Each structure stands twice: as structure tokens, then as C-alpha cells.
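Chain naming follows the written order as A, B and C, and within any one chain the residues start at number 1.
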Amino acid sequence: MSSRFRNTAFAGQRGRSGYGCHPERSEGTIAMAFNRPFGSFASLRMTIASLRMTIFATTVLTLVGCQREERNFQGMPPSATSTMPATRQTGLQPGPPVRSGPMNGPYEQNAYGVSQGKTLYNQFNCSGCHFQGGGGIGPPLMDDQWVYGSSPENIFETIVEGRPNGMPSFGGKISPDQIWQITAYVRSMSGLLRKDVATGRNDDMQVRSQEQAADKAKPVQSVIPPSAERQ
Amino acid sequence: MSAAAAPAPVPQPPPAFEDRERVRRELEQTWDQPPGLVPWLTSVDHKSIAKRYIVTAFVFFVLAGLEAATMRAQLARPENNVLGPDAYNQFFTMHGVTMMFLFAVPIMEAMGLYFVPLMIGARNVAFPRLNAYGYWVYLCGGIFLYLMFFLNTGPDVGWFGYVPLSGPEFSPGKRADVYAQAITFTEIAALVGSVELIVTIFKNRAPGMTLNRMPLFVWAMLVQAFMVLFAMPWVATATQFLAMDRLIATHFFNPAEGGDALLWQHLFWFFGHPEVYIIFVPALGFVSSIVATFTRRPVFGYPVMVLSMIATGFLGFGLWVHHMFTTGLPQLGQSFFTGASMMIAIPSGIQIFCWIATIWAGRPRFTVPFLFVLGFVVLFIIGGFTGVMIASVPFDQQVHDSYFIVAHFHYVLIGGAVFPLFGAFYYWFPKVTGRMLSERLGRWNFWLFFIGMNLTFFPMHQLGFEGMPRRVYTYLPETGWGDLNLLATLGAVTIATSMLLFVINVVKSLRAGLPAGDDPWGGETLEWATTSPPRHYNFEYPPVVESRSPMWESGPEMPVVTGLRTDVRDTLVTTLLDAEPDSKHRHPNPSIWPLLAAVATTVLFVTLIFTPWGAVIGTPLLLLTLLGWGWPRGREKWEQQLVESEA
Amino acid sequence: MTASGMLSLIQQSHSVLNPSSPQARLIDRLWDAMYLVSVIVFLLVVAALLWGTFRRRGPEAPETDPGRERSLTTAVSIATALTVLILFGFLIYDVAVGRQLTRGFGKEALQIRVIGHQWWWEVQYRDSIPKNWATTANEIHIPAGRPVALELLSNDVIHSFWPPTISQKRDLIPGKDNSLWLQADTPGVYRGQCAEYCGNQHAKMGFLVIADRPDSFASWLARQRDTALTPTTALTRRGQEVFLASTCVMCHAISGTPAGSRIGPDLTHLASRQTIAAGTLPNTRGNLAGWIVNPQSIKPGTRMPPNQLDPNDLQALLAYLESLK
């Protein structure tokens, strides 16, 4: 205990006042509040500028949350889909190609849809040929080479119609809504979806890095193999 | 501290009246908080901050209550369509998170932050700016959570967020990340509050207030603060593990890669069980204060009461596996937790017996606070008994995760914590605002609350027995659960009405309530020794305490301490055990840095939800604000003060 | 099974306090004891509280009376000692019941594997000969009076298996193999629901435990082990074609046909089950039609998508499914 304190009276009514009689007036509250390390005005501007930027970025990311977080259980209304013919075995088709529903990838910004797509990808055994995106029997899906196009409509058509050299046609077998979900997931494998929409890791053995961390592989039209060219 | 020789002491007569007037004027000026936005944003007055906490927490209470009302509307009839499954999941999660994290713990800590310095004769809490920071972080966290809720990104995994459901595979999007980070805000605020309480209680008590003379409420807050300190880091750990699993593909909870789904439950409940005692122990303090004042005698069995609260605090950490009795853990191990869970009923029982003894030996006065205490005893015993029942492994394995559990914890939380809290509102409203609440409206409030609470939650015991599980958005008509659910919904309407009456009471009394004066109830502790509401500096001179009931024993002739400066914010620091004067501490003037630091903290955690680079963005920002916060004041002022002191 | 049939079934069979098994009875007795003691103590304490509050007092201010303080100390000490004794008694009783419930079951126990999915129950009757395995969904048949050992696994998140009338609950945790043994005293139908929050349709993840007489159980199991009945009429044959040609085959298995997917419930003996959609709807033609066409309107968020089918195809499909006894 400091001797200075001991001599001031702390106990009992017989006190004597401790320190001198020069009361310090407090300065204006604002200057006092900022405590002037760098000069109050400069620090204020800096703080406001960085605040504004972060608020903007966060606002954007949170506002898109409405779309990202939507859980669309009903999928597309039944009237939007045309009846699918049963299994098709070849790429040769009579008549115009089958079109179905919206062609703009409804789940591109929807995390729930992408997550469902990932589950379906494994359950419907896409991984049987394409593995976890690295390819094997089928071509890889996580690289930048796209034989039949990388846009959502292209991928949807590929899954619906099938492709030469072994890609089955799932047209009547998987509902269009689920095919859109798988489409969105396939695109996420090469980093084409926004990072907050792509999926995280599986609760399973880790056989690939999480899709959220996939580097964006800018799609490049790859050459159609000769065996697949239509005669 | 100067090494020069101190001046020789000169005895002086006690301060004359003109001196006291001058002291008061100077204190007013030094500790002033003028009206206006900037003083409000920069305030470091513990009362101002605690009032904000209480009002904000009450707003969250109302929001969570509205969520509960919506849930009850959905469950009133089978196969109802007020809320679909996705919306219902968000609602019950938000109800749990809001009540537990945004209402219960903050409001209990806030009552401590307001009344503990007053009860121990201090001018402020030990670290005023940290206190402000805690509030701003809490406010930012709460606003953030509700903003995300309105943007369809509210958490939907339950307040307990079990993995793997909350993990990356089964919870797509950012909802569970919001859950993980929102909890972090509230936990920082709770830790800040607990640090404040511990240091203030240990080092800022009035001279003469030995540990043995501390009011029971202060003991309760001390125990609670230590519990927060040891429990909160575990929920931080758990939620950060979850956030990492989701964001950067770690495998803490992934059994296929060496993690464990049960690890989450252990970590969460090691926090989660002390959490409910963190909510409950301050309520014990409220009850002690109210019982003492309204039976006009000190609480019976002071040492036993203190030891019971400490025992509750310790034992509370040994119970957590009773939330996991159905997970297939070994039976012998589970039995230890049965034993511990039953053992904790003993200190609570002792406290109830001591209060009954106090009432028996005293002269009760039937004010509204006392009514709330009576309600507390009845409801808490019911909840306590169902608690002892579900401490048993076989019985819990039947009723776990059913509405029996919902009934149990609402009895102990509403009966055991919210009823004393409302009693404390009615008890201390005169001190905080200078006006009395209406007794008539208060009685209506109490009885509607009591009846509504029983009507809502007692049928839930039966629903649990009939097999109704928790967290279901609807149920089949064939189950026969519809009637009791409808009854529970009617009870919920009654509770809502009683809350409305409370709000009306507060608003009316703020405008036109009876003026209270310093000590309307004749209380025994030091907060009644100062004005209502207390001045910003609390006491003109710190009092000297000579007994456990200073207001009753020492009365108007209470000795005081002189010698603190009035031109700067001077406070007294005393020793831990015996509260002998030790040193003086200069408190900071109002400062904007706590608010800025809280905003930087918010930026850090919110960006961390979306990208791991958030750490890189947010941390330097936070460090910058801390730099501003801690920048030393000009040296010449200190030296001038030293020079003056030698003169 | 009609709706009213389901009503009476559930009301009888869904209560902790209506035990139909040795385990549930032990727990029911435990509850009775704890309830009785609790009520008595509650009444005593509340009586003490109210008496202490309302008792007549003299007009004088209370001075500290050492005699009264002493007697109060005695009273509180006695109350505390009684509390400790009662709690200790509870503890011993609890541990004893716990031990009885977890004692090992003998070799005569029937082993059944239950796998929890979001939001249905897969039930497997295994055997040393793989040909004799039977897989069904949401309905567990057990022989009455014989202990049954359930092996509880999870395919995705944590679920909890709880038929209150015959057994306490046990969680199904991914990465952890849990087990539960139970025994039904008498033949009957006992309903249960998932008791651990598992996502959107946690509320409608019910199941039935049906205790049969031993001979009925044996014949039921033999039928479950068989492959699906071959369709005999033109309509049911068309129905099988529709099944194999549309989305159904991607998720559901019917043994004896090319359909072999294990993603959704096994439908080989769908018509032998009393409910569909995990205990949500009675198994009638109308309910089945509604479920197939749009499961999302009954269980929003469930994994089965809406299926647009030509009305004639739908009728054929229903006829085929109803033939799968």
C-alpha cells in the first residue's frame, strides 16, 4: 500500500480532504470521448469509410439470403412439366428436342436445392460413373472442360436426354425439379456457384474438398469425341 | 506512485455543510451525463447501461413470447396451418435462443450490474468502458440475429443445435452459421458482465463490508458470475467447432473421419446445464432481498444460504449428462449423474426451508413482490420435483424429449427465475425510477401470470405421458392430444394478457406513479441509502458498513468515507476479504471506443459467417478500436496531479 | 385400416402410464412412487409456507429470540435431513430399476435392426442365411412375450425410437451403434414416434410395433422373406410396368423385380402394412393415391417428389401396389 494513500483519511467521519483544491474542468465531451490518439477527425473518417464498405457488403450478402435460404418443397407446379416419355436409349430422336419447365436453373442461388442435388447425385448413383467429380467411367465434372455445354439448360438436357458413350437418359425417371437440383450441384462442383450457396463437406469419408472451396473453373467448350458425333 | 516522502497528516474537523454542498455540486459536474445522443452513446455509467440491458432484454422477452404465442396457435388444433414445418422450426429455435441467450442471462446480469455497486457502496463497476462494450456487443448480436430471422436466415436447428442436423450436410445455407455466431455475441456480453461483477464485488466494496457481511443478492451474483466464467467458453468452443466444420471442412463432429456426433452434446450441455443455473441463481438473490425486506428481518441462516448458493454453483457443473440419458452411454456412468442431479436439490431445498423460516419468524407484508415470491416457491417446488423425477435414468428414458420435459423446464425457469424477476421489478422499480408501480395492477399481473402459467404448462406433463414429442410442428388428430394443447394455448393467452398489464403498469407509473422517496419499503441494504433514482455517482461519500443489514443497524448515522476527489472520477478500492481501504482508482470519462469496438466485433463475426477471410478483415479493425480505447491519457496531467499532491 | 380404427388404436397404445411390457411397467411403478412422495412433500412445504405467512402474530416488532432461532434451526435441519433421505431413497430405487432395464438379454432374443432415415424407419430382419433377410419399413412385428433386441442405427441425423407403451426410448446416432431390448406382454398394436428433432418432418415420423402371437409372427416373417407376388391381372401387370418405367423405381425396391434401390422404403409387401408415410396415413387406396401424386402436401419437405402420372397409369399402379401383400 502506498504511503501516500495511507495518510489520507479513509475511515471514520473525521476525514480530511485528500487532494488539492484545483478541480479540473472536463473538456468538451466529444474530444474527451475520442481521447485524441490520432487526431479525432482523421480516425472518425477512417472508421466511417470502412464501416460503410463492410455494411454494404454484408447487406448484400444478407439480403440475397432470402433467395439462398428458401425451401421450395412443392417444386415446380405440375402443370409446368410435360409428360416424359419412358426410357430413351439413343441420342437420335424423332421430332424436336424435349423441353420442360423453366430453362434458367431455378436452384442456382438456392442452397437448399444445391444440397438436395448433392444428396440425389449420390443416391441416384451419378457418382458411379462420375465419382465425386473427378470422373472415371464418365468424364470429370469438376474441371473446366464441358462437352455438351455448361449452362444450366445444357446440363439439364444432358441428364434428361442422355448422351452417347454411356450417359443414360433420366428423362422419365427423375422428376424435372430434382434434375434441376442435380444440375445446380453439378455446376457447383467446378466452382460456378456462389460460395455461400455451394455445399460444405459431407458427414462421410472425405473424398474431395468441399464444393464451397472449389476454385471457379471457367467453362471451356471441349471437343465432342468422334464416337459421339451424330451420323 | 511517487517515491517522495508523504506530507505529515493534519487532522481536520468533519466536513461542514457548505463543504457537503460543494462536494455534491462538484460530483454532479464530474459524473454528469447530460441528455443527448452523444452522451447516451458514450455513457459509462453502470446504471445507464444496466437500464438499457433491462429494456432491451425485455423487448427480446416480448419477441420470444410472440414466437411462443404463434407456436401455441399452430399447436392448438391438430394439422393446423398457421406455420409450416420450416417456419415452425425457425420459430421454436428463435424462441429458445432468444429466451435463453438474449433475455434470461442478460437481464439477470443487468440486475446485478445495476444493484450490486449500489448494494456494496461503490460508485461504479470496476471497468466502466468494458461494461459499455458488453452492452453494445449484446445489442448488435440481438439485432443481427433478428435481422437474419426476418431475412429467412434465422436458425432452424433448435437452440441446442445438435449435429449432424446442424452440420454442413443437413443444414444447407447460412442458418446454422448465424446460430453459431449469434451465440458468440451474447456470450461475450455475458463474460464481460461476469468479469465486471467479480472484480467489482471483490475489490470495490465499501469499507467494513467483509465477505461475511455481503448481502445475499451480491453473493448470488458472485456465484453466477463465476459460473458464467467457467461455462460460457464451452459453448464458444462448441459453436466455433460447428462453424469451422461448416465453413472450412474440419471434422470435429464427423464420425467417418474421427469426429463424434456426441462430442457436440457433451460440449453444449457442459455449458447448457450451468446455463440454467446461471439464470436461476440470481433469482435466489432476488428472493432473499425481497423476503428480508417484506418480513422485516434478515434472512434466516445466512452462512447456510451462502454455502447453498456456492454448492449449487459447483454442483451445477456436474449434471450435464442428464440431458443425454437416451444416447446409449454406459449405465454406471449415467448413474453418477443421477446422483449429482438429485444432490443439487438439497441446497435448493435448504434455501426454501430457510426462507420459510424467515417468513415464519418475521412479519410478512403482502406487497406484490412478496406475492411473486410466494408464487415462486409453489411453482419452483413443482418444477424441482419433476426435475428430481427426470434425474432418474429409467424415467427420463421414457419422458425425455417429450412435453413432460417442456413442462418441467418452464416450471423451473418461469417459476424459478421469471417470477422472482418480476418480484424484483416491482421491488426495485421505485429505486430505479423514483416512482411506485401500481399495487392493484400488480396483483392482477401476478394472478393472471400464475394462473396462465399453470394452465399452459401443467397439461404438458400429461401430454408427455401420452407420448407427444417435442419440437413437432403438428400432430395427428387420432393421437387425442388436441384438447390439452388447446388448453395450453388458452393459458398462453392468459400469460400474454398479464404481460400486457405489466407493460401498462410500467407506462402509467412512469408518468403518474406515486413518488417513491429514498426508501419506500424500509429495506436493509445500501441501495436504499441513496436517492431514487440514484445520482450518477451513487453516493456522495462511500458508506462504512458495520453489519449485514446496514440500513437497519446503522441507519441515518451511518459513517462515511471522505477523501475521494470530486474533480475527477475517483473511486475507492478495498481489500478482498475484509474490505479495508486499499487504494484509489480513477475511472474513465465517457468514451465512444466501446461502441466502436463493439461494431468492429460485429463486423468480425458477421463476415466470419460468409468467409474465413472475415478473420483477416475483422481482427485488424477490432485491434484498431482497442488501440484507441487503451491509448494512454496525456502524461502531463498525471504529473500535474502528483505535483499537486505533494504540495 | 380406417381413420377411426387408427384413432382408437393410437389412443390406447400411446401412453407411458398404460404399460404393456415389463420395462414400461417397472418405469410406471417408479413414477407412481415418485409422484406420491412428491405430492406429499409438496403439500407439506406449501402448507408450511402458507401457515408461516398467514399465522397470527403478536403486535410487537420481532426481536431476535434465541429460543425461536434455535427451534427454527432444528426445524430446517430436520427438513434437510429428510430431504437427503428421500433423495437417497429415490437414487437407490432409480439405480435398481436402471440395472434391471439394462441387464443383458439372452440368446432367445429376436434381433431386429432399425435404421433411422429422414423421415422413415427401415426395419431389417436379419438371419444367418442372407436369403432369409426381410426388409420392411415403419412397421415392426415382434412375437409377443419374447424379448426382442433392437439394433439402432442412423443413416443421416440423430433420431430416437420411442414406443411409450412398451419401452423407453433410445437414440439412433450416426457413427454409434445403440441397442434397446423390449418385450411386449400381449399381442397388440403399439404406436411410437421419433423423439429427437431431426428436421422438417420430425413431427410425422411415426411407426407401429405390432406384437403377434408366435405362430402369426412366424407366418408373417415367412411372407416378408418371400419376393413380391407376381401380378396376375392385366391391370396389375400394367401397374408393375408403370412402376418400373417411371420415377418410382429410382428410390423404391420391390424384391423379385428389377427395382432394387434402397433410398426409400422397401415396397415389397406394402399392402401388408397398416399405415403409409411413416405412420401418418392409414393404408387405403385414396391415401396412397394422394401420397404418390403429391407427398409434399402431406409431409412438406419429405424426400419424395410429386409425381405427375396419367390417371389410368395411376389406377394401374395403385392396383399393383395393393396386390403386394
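Note that in this section a contact is a pair of C-beta atoms (placed from the backbone, for glycine too) under 8 Å apart; a residue touches a chain by one contact, two chains touch by 3 or more.
As the structure is a computational prediction, the values presented were derived from the model and not from experiment.
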item: Central chain (distance from its CA mean to the mean of all protein CA atoms); value: B
item: Pair joined by the larger number of C-beta contacts - A-B, A-C; value: A-B
item: Distance from chain C to chain B - Cα centre to Cα centre, in angstrom; value: 39
item: Distance between chain centroids, defined by C-alpha means - chain A, chain C (Å); value: 37
item: Junction residues of chain C - those touching two or more other chains; value: 156, 174, 200, 300-301
item: Numbers and ranges of chain A residues touching at least 2 other chains; value: 71, 73, 203
item: Multi-chain contact sites of chain B, meaning residues that touch two or more partners; value: 86, 164, 169-170, 255-256
item: Touching residues on chain B, where the partner in the complex is chain C; value: 84-86, 89, 158, 162, 164-165, 169-170, 255-256, 260-262, 296-297, 300-301, 304, 326-328, 331, 334-335, 338-339, 342-343, 345-346, 349-350, 352-354, 356-357, 359-364, 374, 377-378, 381-382, 385-386, 388-389, 391-395, 397-402, 464-467, 469-480
item: Chain A - residues contacting chain B, complex; value: 1-20, 22-24, 26, 29-30, 32-35, 37-38, 43, 47, 50-51, 54, 57-58, 61-63, 65-66, 68-71, 73, 111-112, 114-116, 195-197, 199-206, 209-210, 212-213
item: Complex interface listing, chain B residues touching chain A; value: 1-2, 5-15, 26, 29-30, 34, 38-39, 42, 86, 147-148, 151-153, 164, 167-170, 172-175, 207, 245-249, 251, 253-257, 544, 559-568, 572, 581-584, 589-593, 596, 599, 603, 606-607, 610-611, 617, 621, 627-628, 631, 633, 637, 641, 644-645, 647
item: Interfacial residue positions of chain C with respect to chain A in the complex; value: 156, 174, 200, 245-247, 249-251, 261, 263, 294, 296-297, 300-301, 305-308, 310
item: Chain C partner contacts - residues on chain A that touch it in the complex; value: 71, 73-75, 78, 81, 83, 86-87, 123-124, 172-175, 177-178, 203
